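Structures incoming, each one as C-alpha cells.
In what comes next, chain A is part of two complexes: it sits with chain B in the first one and with chain C in the second one.
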Partner chain A sequence: MFDLSSLTVMSQQNLFYLLPEGILTLGLLVVLCLTIFNPKKTSEENYALMQVSLITVLLALSALAWTFLRVPVITPQKAAYSSITIDMFGYLMRMLILLGAGVTIAISHRFLEKNTRIVSDFYVLIMGASLGGMLLASSNDLIMVFVALETLSITSYILAGYFRRTIKSAEASLKYLIYGGMGTAVFLFGLSLVYGLAGSTNFQDIGIALVHYHGVVHPTLIVIMLMIVAALGFKLSAAPFHMWAPDVYEGAPTPVSAFLSVVSKTAAFAITIRMLLILFSGFAEWAVIWGILAVLSMIIGNFVALKQHNAKRLLAYSTVAHAGYMLLGLVVGTSVSVSSLLFYLVTYLFMNLGAFAAVIAFSTLTQTDEITAFSGLVQKRPWLTFGFSICLLSLTGIPITAGFFAKFFLFQSVALAGPVYIWLVIIALLNSTISMAYYLNIIRLMVVKEPSAEVEAISDSAPTSSALSTALSFCVFATLLLGIFASPFYQFTTLSVQQLAQQRPMVISQAIFQKK
Partner chain B sequence: MDHLPVASILIILPLVYALILPLLPNRDKLLHTFSGVGAGLLFVLSVFFWLATAKHNIPVYQYVPWLPQLGINYIVGADALSWVLVLLTTFLVFMSIVASFTSINKRLKLYYSMIFMLTSAILGVFMARDLFVFFLFWELELIPMYLLISIWGGPRREYAALKFVLYTLFGSIFMLAAILGLYFLSKSIFGDGTFDFSRVSQIPHLGLAVGAQILLFLGFFIAFAIKLPMVPFHTWLPDAHVEAPTPVSMLLAGILLKMGAYGMLRLCFGWFPEAAHVLAPYLVLIGMINIIYTAGVAMVQADLKKLIAYSSVSHMGFVLLGLGALNAIGFKGAVFQMISHGLISAGLFMIVGTLYTRTHTRSIAEMGGFGKNLPTVYFFALIIALASLGLPLLAGFPAETLVFYGAFLSHAFQSIPWFGGTHLMLSIQTLTIISAIGVILGAAYLLWMFQRVFMGPIFPKWSDLKDAVPSEAFVLAGLVLPIIIIGFAPNLVAGQFSSEMTAMAAPYNHIEEAHNPVTTQTIASIPRSVIAHKKGESH
Partner chain C sequence: MFNIGLYHYIALTTILFSIGLYGVLSSRNAIRLLMCIELMLNAVNINLVAFNNYVNMNDLSGQIFSIFILTVSAAEASVGLAILIALYRRRSTADMERFNLLKW
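Take a look at the complex of A and B:
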C-alpha cells in the first residue's frame, strides 16, 4: 500500500521531525528582535521576555513530544539529506537539552536582574546554544557535527563572559574561548583525517569504510582517536582536559555554570556516544583511552572537590567526577552499560540543575556562595534546605534518590561486563565514598550548625522568585520520582540504545568475520 | 484484612507523619501532642494488624514489581519474628516520644520528623523480604540517626554522630558486597538476577561451596556485628549513647541494636547453616568475650550513662551465645533476649535521662540518696535494674535462662579449631559456664550503681529535686509493666515465635542427631517397655 502522508513527509526530507528545532529558532528570532528594537527595557518587559523564552522552550518540548507520539520511531529515520538521524536516543537527548534550557531560563531571571542591566540577550544565547546542542545530539554527518558543535560552543563562550564588567567573568570567557578554540581545531583536524580515510562525511558510509580496519592497528586511526578523544574530553570536562572547568564555572554567572555543566555536557555525551557506537564501534582501543580518562576524572574531581570553599567550585569539580563515573559506561560499551549511562545522564540533569538552582537561590538571598555561609540555613529557609539536600543526597548516591539508582545501574552493568572491570567499579565505589564527605558536609552545615552571619541576615520577607522556586521544585520532584519509579525511564534508555545499535555497521563486519 | 497491604501501611504511616510535621504551625504543645498521638496510633494499629493477621494465620506479604529488568522488587511481609520486633519498635517509639515531651525543647519539627523517619526505616528493615529493599531501609536509618545525635546531643555530639555513621557505613560496604555476590550467583544459577529473600535463600542449598558460603556469611555478619555491637566493633556505641539525648538512646539501645541481631538470625544463621556451623565456635567465643569484657568495663565507669551503655553491650552478647548454640532453644533465647533487652535497656536509659534532666550531670560520684526525694523513680529503677540482672519473675530471667539452657545442651562444637591444626579445648559448655560469670558481674555493677545513686546520704545541692512528672512516670510504668508481665508469663512472648524458631533451627538438627542418636533417630527401635520403665523411674 502506498501511504500518502509518509510520501509527503519523505519528500520534505523528513523536516517534520525537526519541528522542535524550528519552533526554537522562531522563538529565538522573536526574542532577538524584541531585544534589538527596544534596547532600554523596564523590569516588567524583561520579565515578559523571560516568559516568552520559557514558553518557546515549552512549545518546543511539546512539539518534541508530539512528533514522537505522532510518528513512532520504530526504526531510525534520516532527515535533511541524512545529515540528521531521528531515533529514540536523539529524542531522549533533545528532551534533556530542552528541559535543561527551560530550567536554566527559569532560574536565571532574578539572578540576572540583580547583577546586570542587559537581561534579555541571555535568553537568546541560551536558546541558541540549546539549538546547537539539539542538532548535535541527532547529527549523522561530520559537517553537521561540526556546525552544531560550533553553534553550541560560540554561544557558550559569550555566555561565560556575560557579566562583561566583572573581571572573573571576562577571564572565564577568554579562558573558555582559548581552550575551546584549541579543542575545536584539534577536533576538526581529527574529522578531516576521518574524511581522508573514509571518503565520506556520512556516519553510515564512514562506518562501512572503516570496517576494513577492524582489528588492524593503523597509525592514522590512532591519531584520529586521540584527537577526537581530546576534543570530546574537553567538552565533557573529563580529566586531564578539565582544567578550564572550575575557573569557567566559578567565573561565569551561576546560571551559565549550571547550563554548561548540564546541557553542554549532555550534548557532548550524546555525540560521543553516537560517534563511538556508530562510527568506531569495532575498535577496542577506545576502551583503554576512556578508561584512563574515567579513572583520572573520578580521582581528580573528587579529591580536589574535597578542598573547595566555594559552592560553585565544589559543584564544578564534582561535575568532573560525575563525568568520570559516566565514562565508565563508555569503557565497557555494552548495551546495558550505555543505557545505564543514559539513565545517569537523565538523573544527573535534574540533580545537578537542582543543586545549582539552590546555590543561585542562596546567593540571591545572601550575595555569597561560600560553603561556610550555608550554616544553619534550615532555620531560615527549610524548604530550600530540603530541596538542596535532596539534590546533594542524590549526587552522593544515597538510596531512594535517583542518583543511587543511576550509580547502581551503571556500576552493576560495568561489574557484569567482566572481571577486568571489577577494578573500575571498586575505584568508582571508593570515589563515591569520598564524595560523600563533601556533599554531606554541606547538608551537615545547613541542618546541624547554628546560623551563620549571612543566614542570620536573611529577612523573613526576602522574596523568592517564583520561577526559581518552581524550577527547583521541579528538579527535586524529578529526582525523587526517578528514584522511586526508575523502571519506565530505564526501559526508555534501553530502547534508545537498541536503536543506536541498529545503526552500527557491525552487522556487516560480523558477517565478514563469520565467513572467514 | 486479606487484601490490605498491612506491612506497607506500617512503614509508610510514620513517613506521612514526618512529612506532615513541617507543615504544622510552630507551637511546641501542638507538635508534642501530634507526635504523641501519632505514635500511639501507630502502636495501636500495629497491635490491631498483628491480632488480625498473625492470630488467624493470615500471611502478611506484598509484592510490587519495581525494577523487574534487574530483579528488584518491592517485597515486604511479616512472620512471627518480624511481628515481635515490629511490635517492640512501635511500642518503644511511642514510649520514647512521650519521653521527649520533657527532655527535648528545641527544633521540635525536625526532631519529630527525624524520629518518624527513623521508625519507618527500622520497620522497613524488619519487614523487608527483598535484599535490595532491606539494604535501602538499612541505609535510610543512618540519616535521621546522624541528625538526631548531632543536633540534640551532648557536647561531643558531632564526633559521636560521625563515628556512628562511619562505623555503620564500613559494615554496609561488606553487606553490599555480599548482597551483590548473592545477586550474581542468582543470575548464574536461576538465569535471572534476584534479590527476593525466598529465592536467594535457596542458593546456599544448591551446591554452593562452603568457602563461598563462609565469605557471604561474613559479609553480612560484619555489618550486623557492628550494629549489634560485637567486640571489637563496639566502640561507637558508648560514644553515641553518651552524647545522644535520652529518647534517642532509648531507641538506639531498644531497637537499633536489634536490627543487627535480627539480620544475624534471619540472614546469616537462617540462610547459611553450613557456614554457621563452621564459624559457631568463634562466634560463641566472641560472645563470651562480649559478655565478660564489657561487663568488666561497665564495672569501672564513673559516668552513669556509659555504665548503662556497656551493660547494654554486655547483654547483647547473650544473643550471640544463643545464636551460636545452633539449636531451637538457643534461637528462642536469642529472640527472647532481644525483646527483654529492648524493654530493659530502654528503661535504664529512661532512668538515666530522668536523673539527668534534674541534675545535669551523669557522674555517679556526684549522685546519691535519690531514693529519698525521687520515690517514683527509685521504685521503677529498682525493678528495671533487677530485671536487667536477671531476677526470676522479671523479663531478663527467662531470656538468659533460655540462652544458657540452649547453649548448654548444644553440641555445636567440642573444641575450637585454632592455628596450624591445633585446637583450643573449649567446648560450648565451658564457654557457657564462663559466660554465666557475666550474670554475676552484671548483678555486681547494677546493684553497686543502684546503691551509689539511690541509697545513702543525699548531697545538700540535690535536696530540692522533684519527683517524676506524669509523662516520665507514664513512660517508666509503660516499660515496667511488660517487663513484669513477661517475667510472670514468659510463654506469652515465647509462644509467638516458638514454632518459627524450631523451623529455623531445622537445618541444624543433624548436629544434635549425630551426638545424641537415642533421642531422635533410634527412638522407634527402643522397646516400649524400656521407655515405660524410664517414665516410671522418673516419677
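Take a look at the complex of A and C:
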C-alpha cells in the first residue's frame, strides 16, 4: 500500500544535496558497462571513454556548484538520516576531490595508453575512489565514515596494483593493502570503543556524550586517541606512519601516485578535521600528539627527500613533509589556523598535481623518472620545464606563487596563537629552507646542465597529449593566480570553519565564544 | 559459577586484537598476514555487538556496524588475495621478505 508518510521521510533525507555523488555514480556505471561489454577496445574508443569520464566529473562539479547556489547553506544541513552533513566545509572538500579526480583522469590517458592494454577500468576506479572521498568528507556517522573510507581505500589498493604484470606495481599494491588493512583494523577498534563510551554512532550524539570526559584523563580515551591518530596519520602519510608512502608512490603507476598524494590526502584531512572539531572538541591532549606527528613528518620528510634520486620517491617524501606543515594548523586548532590549513590544502592540490603531471609528461617521453635524467630539459621542452619549475617553486614557498601565501598564512596563524607555538614555526621555517635544496636542485638540473642522454633522445616530433598539457597548464595557472586572488578563497575557508564550529556540542561552543 | 559481563567480552576482544596485531607485525607469509587482519576485524565485531547489548539496547547501530565490517572485510580480503595471486605468478612465493624490490 502507498503510504504518505514515506514521502515525508524521503523529503527529510535531503537527497537533493547528494546530486553530485549521484551523477558520479551514474557516470561510473555507464563507463563500467561500456568497459565490460566491449573488452577489446581500439585507441579511439579508449579516448572516448576518457572523455565520458571527464565529462562526468565536470558534470558532478557543476552539479555541486548548482546545489550550492540553489540552496545556500546558512546553517549545516543533515541528509540521509543524518549520516551526512551538508556544510561549506563539505562543499569545499568535495570540490577539491572532484577537481583532483578530473585532473588525474586528464593526465593519465597517454601514460596508460603507452604502458598497458586495459585503459578504461582505470577511470572507473578513479571515479569510485573519488565517490568514497566525497562521502567521507561530508560524513556525520561512524558507519558512514567506515564505509566511505573503505570505498576510497580498496579502490586505491587496486589502483596501486593497476599494472599487475609489473612486479613493482603488484608489490606496492600488496604492501599498501596490508598496511592499510592494519590501519583500518586499528581505526575500527578505536571507533568501537568510542561507540562503547557514547552508545551511538552519530557525531552529534557522541559529542554530547563525551562532554562528561572533558578535562579528565581517562585511560580509555587515551587508547582511543592513540588508535585514531595512528590510523588517520597513516591515511595522511604523517611520520612515523608514513612508511608505506614512498614504496607505494614509487611502485604504483605515476597518475595513481598523483591521485593518492592529493585526493586521498584531502579526504583524510577532511575527516580528521571533522572528527577533531566536532567529535573530540574540548580534548587538549590531541594537540600534543599531533604536534609530535607534525614535527616528525617535517623533519623526516625533508631530510630523507634530500637523498632521493627517483623523482616519484622524492615527491612522496615531499608530501610527507607537507602533511607535517599542514598538521601545524590542527595542533593550534584556532579557527584562523584551521582555515589557513584549508587554504593550504587548496594550493597543495594544484601545485602537487602540477608537479606529478610534469613527471608523467617527462616519463612518457623518456620512460624514466630518475632525477638526473631531467638534465637540460629546457633545451628540448621549454614549456614543460617552465610549468614544472613553477610547481616546484610553489612547493618550496617562493613568493608570487600560491605556495608562499599558503605557508605565510599558516605559519602566521600558528605564531599568533601563542608563545608556545613559536618553536613549531621556527622548526617549520628551517624545514622549508632545507626543502629548497632538493626542489631547486631539480630546476638547476633542468635549466643549467647539459642535456642527459634521455633528453637528447627526445625527438622534436614526439606527440604531446592535449589533455595532459591542458591539465598541466590549468594547475600552473591556478598555482600562479591563487596567490594573487587569495582573499575570496580565504573567506570561503573561514566560513567553512565557522560552520564546523556551529556543529560542536552546545556546551563547548559557548566556551569558545566566551574566549573570543 | 560466575556471570559473564561486558568486561569479559572486552578482555576477549583485547586479547584477540593483540594476537592479530602481533601476527601482522611478526609473520612473513602474506596469507597469514591477511588472516591476522581478519582476526583484528573480528575482535572489533565482537566489541561492537557486546557494546550494543550492554551499553545501548535502544537501537541496533552497533550490530549493523558489525555487518558492514563483515561485508567490507570480505571485499578487502578478496582484493588482497587477487593481488597476491598476481604477484605469486611472477615470483612463486608468498613470503613478504622476498618482495623486496621496493625497500620497506
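Throughout what follows, the second predicted complex is superposed on the first by the 494 of 516 C-alpha atoms of A that agree within 3 Å, B and C clash if a C-alpha of one lies under 4 Å from a C-alpha of the other, contacts with A are read in each partner's own complex, and residues count from 1 in each chain.
Operating definition for what follows: a residue touches a chain if its C-beta (ideal position, glycine included) is under 8 Å from a C-beta of that chain, and two chains touch if they have at least 3 such contacts.
From a predicted model like this one, the values you see are computed outputs, not experimental measurements.
Figure out whether A:188 sits in contact with chain B (first) or chain C (second), or with both, or with neither.
second
After lining up the shared chain so the two structures overlap, which partner does A:468 touch, if you call chain B first and chain C second: first, second, both or neither?
Touch partners of A:468: none, neither chain B nor chain C.
Taking the superposition on A as described, I'd like to know which of chain B and chain C A:382 touches: first, second, both or neither.
The answer is first: A:382 touches chain B but not chain C.
On the A-aligned overlay, A:448 touches which partner chain: chain B = first, chain C = second, or both, or neither?
Only chain B; A:448 stays clear of chain C.
Where does A:487 make contact in the superposed view: on chain B (first), on chain C (second), on both, or on neither?
After superposition on chain A, A:487 lies in contact with chain B alone.
Who contacts more of chain A, chain B or chain C?
Larger number of chain A residues touched: C.
Taking the contacts chain A makes with chain B in one complex and with chain C in the other, which residues are shared?
none
What does chain A use to touch chain B in their complex?
378-379, 382, 393, 398-400, 405, 409, 412, 415-416, 429, 433, 444, 447-448, 486-487, 490-491, 494
Can you list the residues on chain C that touch chain A in the complex?
For chain C paired with chain A, touching residues are 10, 17, 20-21, 24, 30, 33-34, 37, 40-41, 43-44, 47-48, 51-52, 55-56, 59, 61-62, 64-65, 68-69, 72, 75-76, 79-80, 83-84, 86-87, 90-91, 96, 99, 101-104.
If we count contacts the way the header does, which residues on chain B are in touch with chain A in the complex?
Answer in residue numbers: 22, 65-70, 107, 110, 135-136, 139-140, 143, 147, 150-151, 158, 169, 173, 180, 183-184, 187.
Any idea which chain A residues touch chain C in the complex?
Interface residues on the chain A side: 142-143, 146-147, 150, 153-154, 157-158, 161, 164-165, 167-168, 170-175, 177-178, 181-182, 184-186, 188-189, 191-193, 195-196, 199-201, 243, 246-247, 250-251.
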